[in-house]
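Multiple structures are listed underneath, in structure tokens.
Both of the next two complexes hold chain A, though its partner changes from chain B to chain C.
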Partner chain A sequence: MSEPSKTKFARWWKNLNVKHALGLPLVLLVVTTIVYFLFQPNIFSGGTISRLLTSNFRTWLPVILVTIGQAIVILSGGLDLSNGAIVSVGNVILALTVTSPDEPMKNLLMVLVVIGFGLAAGLLNGFFTVYLGLQPVIITFASSFIYSGLALVLLPSPGGAIPREYTNFYRNTQILGIPLALIIIVLVVLIWGFFRKRKYGRFLFAVGGNPKASYTTGVPVTWMKISTYILSGFFAALAAISYTLLTGSGFSGSGDEMTLASITGSVLGGISMSGGAGSVIGAVFGGVVLGNIRNIISSAKLDSWWRTLVNALVIVLVLAGPGLINLIRRKK
Partner chain B sequence: MNSICLQTNHIKKRFGGVHALRDGSIEIRSGEVLALVGANGSGKSTLTKVITGVLPKDDGDVIYRNELVDYHNPMAAQKAGIMAVYQELSLVPSLTVSQNIWLANETRTKFGFIDDQTMNDKTSELLQLFEGTFQSSLHPEAYVKDLPPDERQIIEILKAFSRNPDVLILDEATASLDSNQVNRLFDLTQLMKAENKGLVFVSHRMDEIFRFADRAVVLRNGSTVGDVLVKDSNEDEIVKMMVGTEEGLTKAYAVDTVVPSGETVLDAENVSNERLDNVNFTVQRGELVGIGGLRGQGQSALLHALFGNDYYTGNISLFGETHTFNHPKEAMKYGVALIPGDRAVEGLLLLRSIFENFHLPNWQAYARPFLQMKKAQKDAQKVSDQLNLVMESLESPVSSLSGGNAQKVVIGKWLLREPKLLLLDDPTKGVDVGTKAEFYKLLKTLQTGGTTILFYSSDEKELLDLCERVLVMQDGSIKADLSGDKLTEANLVYHSMGASNNTNSHEEPTHV
Partner chain C sequence: MNDIQINESQTPEKKKKTFRISPPATALIVALALFLLSGLLPNGFNDWQTAMRQGLNILRLASFIAIIGAGQTLVIISGGEGIDLSAGAVVTVGAMLTYTIINGNNSLILPVLLLVIVTGALIGLINGLGIMYLKISPFVMTLGIAGVVQGALILLTKGYYDGRVAPIMTQIIARNLVFNIPGMIFVLILIGVLMTILLERTRFGKQLFAIGVNRLTARLSGVRVNRMVVLTYVIAGAMAAFAGFLLVGYTQNAGPNIGNQYLFPSIIAVAIGGTQMSGGKGSYFGTIAGAIVIQLITSLLTTMQLPQALQQIIFGSLLLVILVIYGREKGLRE
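Take a look at the complex of A and B:
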């Protein structure tokens, strides 16, 4: 076990695991991608991979965005069960109001309204979690009903149509052959990296690791916690915008599945449910792994309930993993 | 006389119906170490937390640099130059040593990015203050969760020191340190004294108070009852002020030695695991055997192995039969009880009532087939009387008790089972003199009643006072088995430090 005898790769791998908890997410990412590619005919013929990247990332972007928001909340030791409902509200607002390409200012305003709603909903979650001192699970579960109720009131039955110009722009834009959705993800990760290396990032991990110790040390714990819910609301609003551009229409239950997906994605991304350990890039990996699993299930012509089952199994396995390892060790 | 730098006048603080502080009045002077002395629950921790802004006060004044101040959070107090090293460490386990030391005080580059490299370098410099007293695995980028308690305590001290405070409060900062580490801390306090800082030192170890402090303020039941110059005082005077009555002074545990029956109760042969290395010893019925040595030499691991809480290789036989316990439940069946060291984590459900905590391992005895609540209540009351528990009622949560009283609950819940073999894992750590005396009396009563006791303590004096026989551990194995004439402080220290330690080799051990 002496240090010098270790290969460079072994040290890099250990560092990746200990510092960023990225080992498992990376393995899952590679494995699911390979399995997915095996299901695709003509994978190496020209343009196939580029086509797959575009069609997959534009579909995955909403889930990846909510997963990033969820990851930040979980890193600080919380949980947001309302992010899916926030997506629904945003989707419904856009579907109802963005109907004509001839009113760009109004459309932009509505996008800002959706972002504003996301921020406000997050602030509400954060405020009640911190000041009522209740479990975030309870608060955000309760508020999710308020938000999804609001979505249902605004748009009782699916409908609305986003102008084709907008949806086509989202679906098909590529810059230097890289699809728009992937560029957005890379940008978000880079911007996060910027904050991760500043006080905000350090405080976030400190609060998630031990809020009481952070408080006595002088970290503004209350504000940090509230801010994570605001960020989660913000990412849910971004997800709503991308989801609306993807589907081109509105549905009051559009975000329902995203809540569980965001938690599964975070866990798959190596983020500890008890807070303080993990990384946002891991959450992106987790979101991609979920997308791969979804594609594999549909390529293998399995029923769609398999997806829910896999989601649930993944949560149980990844959460129970450390406990199982201990159990096995104890039996020896 | 030095100038007063911080003063508290008649601070009051209540938690529900319990008065934690009635009249907390102290003066902290620049260039002086003030010892804050008092039994557990006397309000020392509460007073320090009021000064540092962790707890809001109900009444009274804090005067700092001749100004009335009122800090509502630790940040404000820190900005003003008041720092504390807390009894419950304020470290984030998932961050590194360096990240913890500089948390909320990060060095940043011109562009506002956190400068980890510079902080690591500065951390290395700080660690040199304790150089040689910790393992080589302690470096700036080590994770705090991987460190033993003493090293965590060092990090906590360095964290406070790194902020260059004008007032530094050390709340039980020596409780998990060994003597070398305490020496370094002493040097550090001298350094700060020379820089005209005000220091507050909270400790239960009398010798340390006399070594570190210039002045001592004594708290009793939340009120300041004495303020003396240490050099003009003595242990008896201070203990008298702490306890308040003359009776408290008599050593309650100085009872007759119990003659062991000769019947072997416990026989350990070649017990080994990750932290134990070929441990061999036997204990006879009715013996009170101490386990000594420096901290973290496998004492806890041994007790946990005996209790079935940790796997081991080798042979342990109890009452003449060989057992392999895979779970504490099996050990409990044979009358083994373990009183853990970290009471908050291993011994108590803090939010549940005292009553529930007492009966947690005992409900089976009351089921016939429905729970006999009245009998359970009566037994719990009896034990709490026996332990002299200070509480509102049996129904109040354990979290409302002071540290010493909480520890009594841990002991009480096992007493209800009437154990035959009692394993104690440093039970008096951070417990005040009065509670300790009661605790010793309790142990002696149990011993007279035929209970065999294995008692690990990090306090050498306690082992010498209480035990007829002490096993000294080092690096996971038993280095010496001292009893009778051989049981002296010099021998205990000699074997604790290990024969390879050059600094002690000139003192020939009396036996060998």
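Take a look at the complex of A and C:
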């Protein structure tokens, strides 16, 4: 019966795959979510899904935010190994200064300071890698030393306490049953979608796809690339704010694990490491998939010695999947 | 080594001479300056003998970075965004295998050395196959394999491991061999000579540079690109595992994280040594010089007894400064 609708679906699927590189991330998202739900008892009893969404998304939000920033940098053909360290600095600044709910103006100022730091750190990364023409892997790694050193200077041992009012607001706010963290993600994706359709988005993909051709056709390549590092710093600052609200305290190594997670998340989200292909919503999917994999492993009641291995194996196998399928197809 | 290269423009009318100092030479000059600087510190060296001893010690520590950097140099020269992030985990594997199996038994050294190199080569093979045949980006593939290797180590040891290094290894690697020079430095010289021959004098080396510059043209001129790249990752894995074997001979103790601290220094050493991160250009001599610079900076900061945080900030800033001096790649305009 459904010959036309099948082709319609096929066309939609092809468009999704080729134009947005979203096919695999979407499959992964659906599969990991279903597997995760299977591990949850009484998933269909009232409120369970809403509760899970709230608790998961508030935990994932920091990683998803840095992944979005990383995705934008990778799309333009760069790489940012310092975003985790920027998160650490932001987290430490907030933990040290935001201590009382009675000074809203000062707290707001400190949030702006953190965002300012993220932008400045991103600008520094961009200046060194793009303007001076240095390799992003090396430069952002070197600058991550500076940022994480700074975090350690500011807060040598874990501590600080964010007022409960703020953390509770972040952790438990729901609008129409949708958790705050999810709303933030949707907002970010919508805002990005707005820019993606305009000059900025087109230039970004052009620069990532072929910088030489973009340069000769008048795209401001240098500025475009620098702007992606600034955006990555900005998203790292947002991640720092949400991470601080999540944990309520400060730790100079808080962002250490986010750097590599942001890269893995981007790749799981279908973003090509050589730039120019992928989409930001894919990065969000990638971040969620990472969180799902971690949740599944912890709810599978796996022997704890197995966890690191299984986590890494799953990620490698998922990355190998498309390549394997292509190899088998070609053999036939 | 030519310290100064003269670049002449193609057209004879405009003979614009630009003097460019070669990166390995710059790195060595930086290293020498840092070393002399370290002598000025209150707890630095005062006489010739202490200076020699400290210099040799730094060389010995640098040689571990340099040997791990050997595989890294090959992988980076091979281009295609090549990088080996599994090197740290493979070093750990080499060290743990050596430590637990040898268990103080001299007669087991050679079989274990063979086992270590084969294991490293196998991990490298998986990296290479994934990168070339499954089209996974080297950065992500080697990062994922590093996780798998680390996970396998955790599972196999379950946090408990026991062993001992063989006495002969201690004798050769950690102690002084002849003229008060540690054996490790001879190993480094040997590897340095072998690597330079491999890169400059063999078909493998010529093809490696060719695929680093442009894989398509290399393939069209008859280089079997896939096989070359896989082979490069295999060698890199074997070298990293061998470095683990040497490292445990020096530290006399292995641990589940012994190799991780060497991963990024090995990559930075390659960059400081003037090997282009996009591939096709570089030398192992440069990597050795880069390793010495990194070890000197680290040792200098430790001798100054600065707090950890300040050390990190200074280390990062120095790296940026050194890389800005000559790590620049050609801009789009050129």
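Worth pointing out:
The definition used in the following text is that the second predicted complex is superposed on the first by the 295 of 332 C-alpha atoms of A that agree within 3 Å, B and C clash if a C-alpha of one lies under 4 Å from a C-alpha of the other, contacts with A are read in each partner's own complex, and residues count from 1 in each chain.
As a working rule, contacts are C-beta pairs under 8 Å (C-beta built on N, C-alpha and C of every residue); 3 or more make two chains touch, one makes a residue touch a chain.
This is a predicted model, so every value here is computed, not measured.
A simple residue count on chain A separates chain B from chain C, and the partner touching more is C.
Looking at the shared chain after the overlay, A:K212 reaches both chain B and chain C. Contacts of A:A71 after superposition on the shared chain: neither chain B nor chain C is touched.
With both structures placed on the common chain, the touch criterion links A:V284 to neither chain B nor chain C. Of the two partner chains, neither chain B nor chain C is touched by A:L28. Contact with chain B, but none with chain C, is seen for A:R198 once the two complexes are overlaid on the shared chain.
Contacts of A:N311 after superposition: chain C is touched, whereas chain B is not reached.
In the superposed pair of complexes, A:A320 makes contact with chain C only, with no contact to chain B. Put simply, chain A uses residues 212, 215 to touch chain B in one complex and chain C in the other. Listing the residues of chain A that touch chain C in their complex gives 79, 128, 132-135, 137-139, 141-146, 148-150, 152-153, 156, 211-212, 215, 221, 260, 263-264, 267, 272-274, 305-313, 315-316, 319-320, 322-324, 326-327.
Note for the complex: chain B touches chain A at residues 52, 54, 73-75, 78, 84, 86, 89-95, 99, 103-106, 108, 112-114, 143, 159, 311, 326. Within the complex, the chain A residues that touch chain B are 18, 197-199, 201-203, 205-206, 208-210, 212-220, 276-277, 330, 332.
Within the complex formed with chain A, the chain C residues making contact are 81, 83, 130, 133-137, 139-141, 143-148, 150-152, 154-155, 158-159, 264, 267-268, 271, 277-278, 307-313, 315-317, 319-320, 323-324, 327-333.
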